[in-house]
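Okay, got some structures for you below.
What follows is a pair of complexes built around chain A, which joins chain B in one and chain C in the other.
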Partner chain A sequence: MNSSPSYININKEWDIVAARQLARDMSKKLGAGTVDQARIATAVSELARNIYLYAIDGKIYIEAIEKMERRGIRIVAEDNGPGIPDISLVMEDGYSTSGGLGAGLPGVKRLMDEFNITSEEGKGTIINTIKWVR
Partner chain B sequence: MRIPILKLYNYLLISVQTELDDQTAIQFQEDLLNEIHKTGSSGVVIDLTSVEIIDSFIAKVLGDVVTMSDLMGAKVVLTGIQPAVAMTLIELGIHLKNVPTALDLEQGLVKLRQELGE
Partner chain C sequence: MDTTKIDASKYKMLLKSYIESQNEQSLYGAEQITKTFIKNNILPEEIVNLHIQALTELYPDLLIEFKHSMNFLLETMISYGLAHQEYQYLREKQSQIKSEISVAANVQDTLLKTTVPQIDELDIGVISVPAHQMNGDYHHFIQGKDGSIGIAIADVIGKGIPAALCMSMIKYAMDSFPEQLMRPNSILENLNRVVERNVDPSMFITMFYAQFDPDSGKLFYSSAGHEPGFLYNAVTKEFQDIEARGLVLGINSDSTYKQYELQLNKGDIVIMLTDGVTECRGGKKFIEREEALDIIRQYIHLPPQEAAEMIYKHFENLQDFNLKDDFTLIILEKKV
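Showing the complex of A and B:
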């Protein structure tokens, strides 16, 4: 039984906070422990900031899921930005074009259990991640 | 949103009690450096006990403010980082090397005295 996803439009700085608060609330409701709540909320914060910095405009979908008696939370980050020309490059630790810490996507991948990224130049990027609640 | 900065003898004490958005964090960075300059404080403790999430941006701002304060001649100690926050930061790949930390405010003040040789 999957609930319909909630989503937050990301196009201003405060939306990053709104997205991570929603992620935290939903993971708490789902029974995630404090560490997993922090992992999920932090991953959402990173994904939302990527949208805000690189794509200007996009959405974060947050959804409670259940698969084979496992419960989890699915986060999808979707934007219509410039896309990522070389995905293997952005998945390298320490790679950053924004002068940040370069934690970015490899960090998000480590925080979550499943991670999938598709991107098309000139069209946008979709990042699909899941954290299973133990 | 402004984070209050308290003066105690020659130290500055900050307890972050709000959800840190980017703007608040940047404003805090500026406010703290101005306050160090104004008061001539030699040490700062930033207590993060109530902070539930530190993402890469907030971590960078905190790490930077430690380095900036150091440049001005003031030592900063971060205290009270929650277990969940510590785990998340390391998994994210953020190590905050060269940032002095302590378990709580009390031990933070002890550490400051040691660092300053007082």
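Showing the complex of A and C:
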């Protein structure tokens, strides 16, 4: 019963708030606890902020999913930005936090249950994450 | 019941007791339960959540504005939770690196192991202590087929692991030199070429090489920019610097080194050291070479090994048991 995904275009800072709101509404509807709601919203915030800061333009897709009798929320961040030349570097702890850029992608990975990233230089980046609702 | 549930009910109990009587005992209980939270990696947002749940169960009629404020607090804790996890990960990584370094230090100790030669003419004392895990000082003894004793002492300008790795290279280069080349000046000339060719230009090595001939009692030596040693004259009971000129290893591949000689008489003492000894820092100020010598003088009447150890202990104490630089001291006493 995977619902069709809703998405938010990210190109101004205000759109980050809208993406958070959409994710929170969805996670509430799925019955996520307060802590999980806050974690999902923070993850969406980080992903949307990355698009806003580095790619200028992109989308956050949010959908409810069900797999093997588990329910969860899938968040996909997709942009047509410059891409990430060295993924292992941005996935390294301390890389973004030391520059004061926030939790960064390792933070998103910790907040969510599943995390997957593909990026092509000059084409863009797709980050696919899932949080299962307990 | 899992531990989180036990903790949750315990937390609720402590909170209730505190709200009712503000007693110190429940605060002590809070301190204790925090320790189990930390041990079990409970994140700040989960603690806030625990608090909200406990409060709602104890006081179901809580002001809605207050409940909202607690949720607000929970949101602000998420980033702290992430930062906490990151620190933890980095801490684990750090301790892993530390243990790798300590393995490397053991390997280095084995590689650079040297035995103090035992001969009737010379009593030798030696101590070498690294400031950090790996030693950037190096000393080595070679007993030649002709009965001579070669003594090398070196210091890498630069610290830590790269410096220590560099020293292994010196050792293996020296091992490869043929015995007839084991004269102080030719050793330094050969090593200089090896260092110049193989070592990063930002790294330099100073070295003092001495060769003692037991038959004549003569000490031949050359220096590549190394901290001058001291000679103690048994008759006058005076110290003098063992001056020797020569360029630091690794600067110019054509450097040549002058060889000097000293006649040692019974009771004379030669002291070779690294700048970790003469530039040791006591409190905020550096200790001058003169002051270092004053300390050495206090122990010079002891047998060389004992003297070396006592001098080290003295400096260690002076530096509050926290060496700033690698410390190597070699004491040779002519016995007959």
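By our rule, the second predicted complex is superposed on the first by the 129 of 134 C-alpha atoms of A that agree within 3 Å, B and C clash if a C-alpha of one lies under 4 Å from a C-alpha of the other, contacts with A are read in each partner's own complex, and residues count from 1 in each chain.
Going forward, a contact is a pair of C-beta atoms (placed from the backbone, for glycine too) under 8 Å apart; a residue touches a chain by one contact, two chains touch by 3 or more.
The structure presented is a predicted model; accordingly, all values stated were derived computationally and were not measured.
Student: Following superposition onto chain A, is the placement of chain B relative to chain C best described as a clash or a fit?
Tutor: clash
Student: If you stack the two complexes on chain A, which partner ends up touching A:E78: first (chain B), second (chain C), both, or neither?
Tutor: neither
Student: With both complexes overlaid on chain A, does A:R39 touch chain B (first), chain C (second), both or neither?
Tutor: Once the two structures are laid over each other on A, A:R39 reaches both partners.
Student: Should A:E13 be classified as contacting the first partner (chain B), the second (chain C), both, or neither?
Tutor: A:E13: touches chain B, not chain C.
Student: Once the structures are superposed on A, label A:R24 by its partner contacts, choosing first (chain B), second (chain C), both or neither.
Tutor: first
Student: Please work out whether A:R49 is in contact with chain B alone, chain C alone, both, or neither, and reply first, second, both or neither.
Tutor: first
Student: Is A:D93 contacted by the first partner chain B, the second partner chain C, both or neither?
Tutor: Both: A:D93 reaches chain B and chain C.
Student: With chain A superposed, which of the segments 74-82, 164-172 or 200-208 in chain C collides sterically with chain B?
Tutor: Only 74-82 shows clashing C-alpha atoms.
Student: If you lay the two complexes on top of each other, which residues of chain A touch chain B in one and chain C in the other?
Tutor: Touching chain B and chain C on chain A: residues 34-35, 38-39, 41-42, 93-94, 102-103, 106-107, 110-111.
Student: Once bound in the complex, which stretches of chain A touch chain B?
Tutor: 13-14, 16-17, 20-21, 24, 34-35, 37-39, 41-42, 45-46, 49, 93-94, 100-104, 106-108, 110-111
Student: In the complex formed with chain A, which residues of chain C make contact?
Tutor: Interface residues on the chain C side: 45-46, 49, 52, 71, 74-75, 78-79, 82-83, 85-86, 89-90, 93.
Student: Looking at the complex, which residues from chain B come into contact with chain A?
Tutor: 19, 21-23, 52-57, 59-60, 82-85, 87-88, 91-94
Student: Okay, in this complex, where on chain A does chain C touch?
Tutor: It comes out as residues 33-35, 38-39, 41-42, 93-94, 97, 102-103, 106-107, 110-111.
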